[in-house]
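Presented sequentially are two complexes of subunit A, the first with subunit B as partner and the second with subunit C.
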Partner chain A sequence: MDSKNALLQVKDLRTYFHTEDGIVKAVDGVTFDVYSGETLGIVGESGCGKSVTSLSVMRLLDEKGEIAGGKIIFEGRDVMAIPESQMMKIRGNDMAMIFQEPMTALNPVFTVGFQIMEAILLHQDVNKEQARTMAIDMLRKVGIPEPEKRVDEYPHELSGGMRQRAMIAMALSCNPKLLFADEPTTALDVTIQAQILELMKSLQEQYGMALVMITHDLGVIAEMAQRVVVMYAGKVVEYAEVLTLFKKPRHPYTWGLMNAIPKLDEDKEVLYNIPGVVPDPLDFPDGCRFNTRCPLATDKCRKEEPPLVEVEENHTSACWYVDKLVEMIKVSRAGEGA
Partner chain B sequence: MPLILIGVTLIIFSMIWALGPDRLLASYIKSPEALKTPDAAERLIKKYGLDEPMPVQYLKWLGNILQGDFGYSMVGKKGVLPAMLERFPYTLELTIYAIIPVILVAIWLGVVSAVHQNKFIDQFIRVFALVGWSLPDFVFGLLLLLVFYSLLGWFPPGMVNTQFDLIMRSAEWNKITSMPTIDALLNGRFDIFVDALRHLILPVMTLAYLWWAYLLRITRSSMLEVLRKDYIRTARAKGVPENIVIQKHAKKNAMIPVLTVAGGSVIGLLGGTVFVETIFSRVGMGRFLADAATLLDYWSIIGGALFFSFIMIVGNLVVDVSYALVDPRIRLE
Partner chain C sequence: MAVKRKSEFRKIMKKYWKNGTAVLGTCLLVFFIIVAVFAPQIAGVNEMGNNYQIPRVSWSSKPIAPTSEHPFGVIGGRDIFYGVVWGTRTAFRLGLIITGFSALIGVAIGSISAYFGGWVDEILMRIVDIFLSIPFLVAAMVMTTILGKGLDKVIIALIIFGWMSTARLIRGNILQAREEQYVLAAKALGQKDWKIIMKHILPNTIFPVVVQMSMRIGSYVITAAGLSFLGVGAEPGYADWGTILSYSRNWMTMLNESWFAIVFPGTAMVLFVLAWNLVGDALRDIFDPRMRS
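== the complex of A and B ==
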């Protein structure tokens, strides 16, 4: 794909937080493109910088956060150069966002209807009555029963799943071109999760928007995404199309994540869990940031940082030992009898 | 609510009862003549039913209260209730003037302070609040009196100038609310209004400072907490302009804890009138109570206690209702 046609281009993004303990390099060199109508998955464990990446694109960082480097191009415009007064018109209208916690992401003192209408009234040239009708329509579209009644209810009167649907209704009310869904189903139970994902898929088809699906769950990625960015410790470690990624993972971290998915049809629930934890962003290890947890790590990994290189067309990885990994995967899959 | 009232009257009555028949008798007697005969004391105790069992006396007393008979006030030289009603408008006026700046300015500055956290303006406001919070209010009142009255002579104590006082006591003066500033306006006497206001400034400042500082601190911390909430980010993500995010989305949530404290501060302010009216030689309920205490004027003290309790109960009720108005998660049954 030609990145010139991309709806959103993120190039070598670096987002740092200036905290009392020092500089937190939450995002430290992230590159990806998003095309109209597609779903890009961003996957990684907690604390990898997934949320900070999307907040950077929407320019919603708090005052400690700073975009220290890189470029963000949305519809050909340099997002970092857009004045705040115009950015306000883009947010909610061209780019929207859904958050992880439906319990806390809606304002408890305003009705659901008010919160949806507010977005509509901000960005569209309609009066209150029309906005209300549109809000009710939106609630119906996201599958909320009795939308005429629900529109006047407060968030606490809705269940978690209903609240997330209301969030989606709010985000889609202005027909955005790009939607960030930041772990939209993590806080919900499994059956509701499936329903919400299904809903997002069908709405995406209807509206033709681009979706950036942020998750730590490769299952969600498999379900939703066409292309995948794997993040680790503020960096992209692997990028591929979804089938390629599952068939031919070329980074030990991706491989680790894949094995961490519980496979219900097997006796052993988890074959190989990644040992250890994500390193502290105040104090990343030298060399490859995954070296503290990688089964393949050598002295070279502890000294030199591997660059993100193409391992085949449309597939990049940042690992010194892709060959060794391929070997390991072969052995492991043969052992499984797959 | 009725239960609370019964509880309060019971507590207050047990204080009366604890005084014992002899001391209570003293408050019924207007001259030593009455006790001339040897068995007079016992006869009078019988007459007023002071030796009856507590429940009987309580019901009798309650009956009197309900009929508006609070006993005789030595301080007011008339019935306790009329004496209090005469003084209450002055205290009400003082409190209203103190509450408005407390609530409006404290909330406004608290929000400003939180939005500009750790910037110069925030530090500046916080220092002011800290001083108000740490300085005992009577010390602050005396300092004000020293500077603005003794040294500068700008703001005198008292209620109004003597010449205006005479006008206000004269027959052609329409007593409508009995609050000097408001009546002055209603009587079309702008000069009296200004003068009454001049007399109000120092007591209002004294009364307000502590609670202003307190409310400001609560507003600031509540606001800081709310500004970190996810729904604030949601509002920004929809493209809501920052000032609306703060004034509407954040403030309405931040007001929930502030409300309780605001209710408490009204009550605290009323309590503060006791010393403020004394320091600034003003007439009012607070001063009435202070005088009653020095004279051991039981019925006035009891009347005042009842009166303040009643206001407190009403105040708390107002807080509860406004809670439900702000926070949809709380619904009145």
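== the complex of A and C ==
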């Protein structure tokens, strides 16, 4: 794909947080494109910088956070150069976001209708009556039964799934071109998760918006995304189309994440997990940041940082030993087959 | 739409009236308001001048037990019934003015502190600490001694030493609300900063202050009465519950002759405090939608 037609281009984004203990490099050189109408998945463990990436693009970092480098280009405009007053018009109208915790992302003292109307009134030239009708319409679209009644209810009167639907209604009320969904189903039951994902898919088709799906769940990625960015410790480690990624993972971290998913036909006592934890962002290891947990790590990995290189068309990976990994995956899959 | 709103309001009111303590509190408060408004009709006026001066009915300082002419009795030559009835007005004035102004100062200082943070916060909070470190009653007594006698001086003293807890309450609430995801969500929708403060942060932080205020109206009346009782409050003869109590100070060893000077203003005070506390509880239930279910 030609990156010139991209709705959003993120190039070598670096977001640092200045804390009392030092500089936290939450996002450290992240590059990806998002095209209209597609879904890009960003996957990784907690603390990999997935959410910070989306907050950076929307310029919603708190006072400690700072975009230290890179470029963000939305519809051909440099986001970092847009004045804040303009940015407010873009937020909600062109770019919107839905959050993980539907309970805390809705203001408890206002009705859901009021909050959806607030978003509509902010960006559209309509009066209160019209906004209310639109809010009810929106609630109906996201599959909330009896929207005329629900519109006057408070967040605590709705179930978790309903609240997330209301959140989605709020984010989509102004028909944004780009929607960030930050772990939108993590706080929900599995059955509700499936419903919400289905809903987001159909709304995406209806509105033609681009969706950036941030999650730690490869299952959600497989369900939703066309292309995937795998992040580890603030860096992109692998970037591929979704089928390619699942068929041919080319980074040990991606392979580890896939192995950690339990399979239905296997009877294991203990599930596989990647040994160790994400390193402290104040003190990343030298070389490849995954070297502390990687089964293939050598001295080279501990000294030199692997660049993100193309392993095949539209598939990049940042690993010194892609060949060894391919070999390992072959052996492992052959073992499963036997 | 209006119909919908109305029914919501009606639902709340229905729940409110089902809550026994809320009804009791409201009834008491309404009763006090009626007494305050109709004080001239209930207890008459002072023909000698200022209505807030309890008229002298006797030149003897000996207490006179309740009679049909003086239903609550007489102490220090003053009619207790007149004092209690007109004292209701004083109580409202004391409570509302002190609470209103100290809450205003507290909300202003607390919000500035939370909003700006950093060294502004540090300085303001240390000032709060200094004010809090002085025992309230002692501080108020010293203030009234410096400012001189009179109810207005009591009001000023209590405002000066009454704003700190509100400041702390609102600061803490704002700091907490600022981190809430709905604030971030509102920002993500492109809402302006000051609108976020007005619409999302303040409504989530101001209710505890309103509830605290209503409960403190009663307690300030008690404090003011305490100051009057100690002789640093209102001038002698002022229609104030504490002033009447202070007359009974000299007769404490002869309760059988002076009980009415304690019981009537004392009962008024207790019921006044109770009324505001119950209303405060009920207000919390009304304001906070989370408490409604």
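Before moving on, here are some points about what is shown:
Convention: the second predicted complex is superposed on the first by the 333 of 338 C-alpha atoms of A that agree within 3 Å, B and C clash if a C-alpha of one lies under 4 Å from a C-alpha of the other, contacts with A are read in each partner's own complex, and residues count from 1 in each chain.
The rule is simple: a residue touches a chain if its C-beta (ideal position, glycine included) is under 8 Å from a C-beta of that chain, and two chains touch if they have at least 3 such contacts.
Keep in mind that what you see is a predicted model, and the values were worked out from it rather than measured.
Placing subunit B and subunit C on a common subunit A by superposition gives a clash between them. In the overlay built on the shared chain, the residue A:129 is in contact with subunit C alone; subunit B does not reach it. In the overlay built on the shared chain, the residue A:251 is in contact with neither subunit B nor subunit C.
Once chain A of one complex is fitted onto chain A of the other, the partner contacts of A:163 are absent, as it touches neither subunit B nor subunit C. In the superposition on chain A, contact of A:89 is made with both subunit B and subunit C. Looking at the shared chain after the overlay, A:50 reaches neither subunit B nor subunit C. Of the two partner chains, subunit B and subunit C are each touched by A:119. With both structures placed on the common chain, the touch criterion links A:150 to neither subunit B nor subunit C. Within the superposed three-chain model, A:289 lies out of touch with both subunit B and subunit C [touch as defined at top]. For the superposition on chain A, the stretches of subunit B under consideration are 39-47, 183-191 or 219-227; the one running into subunit C is 219-227.
Taken together, the two complexes place residues 58, 60, 88-93, 96-97, 99, 101, 104-110, 118-119, 122-123, 154, 156, 167, 170 of subunit A in contact with subunit B and also with subunit C. Against subunit C, the residues of subunit A that register as touching in their complex are 58, 60, 87-93, 96-97, 99, 101, 104-110, 118-119, 122-123, 128-129, 132, 152, 154, 156-157, 167, 170-171. Subunit C makes touch with subunit A in their complex at residues 1, 4, 8, 180-182, 184-192, 199-200, 203-204, 207, 288-290, 292-293. Across the complex, subunit B is touched by residues 55, 58, 60, 88-93, 96-97, 99, 101, 104-111, 115, 118-119, 122-123, 154, 156, 167, 170 of subunit A.
In the complex of the two chains, the subunit B residues touching subunit A come out as 229-231, 233-241, 249, 252-253, 326-329.
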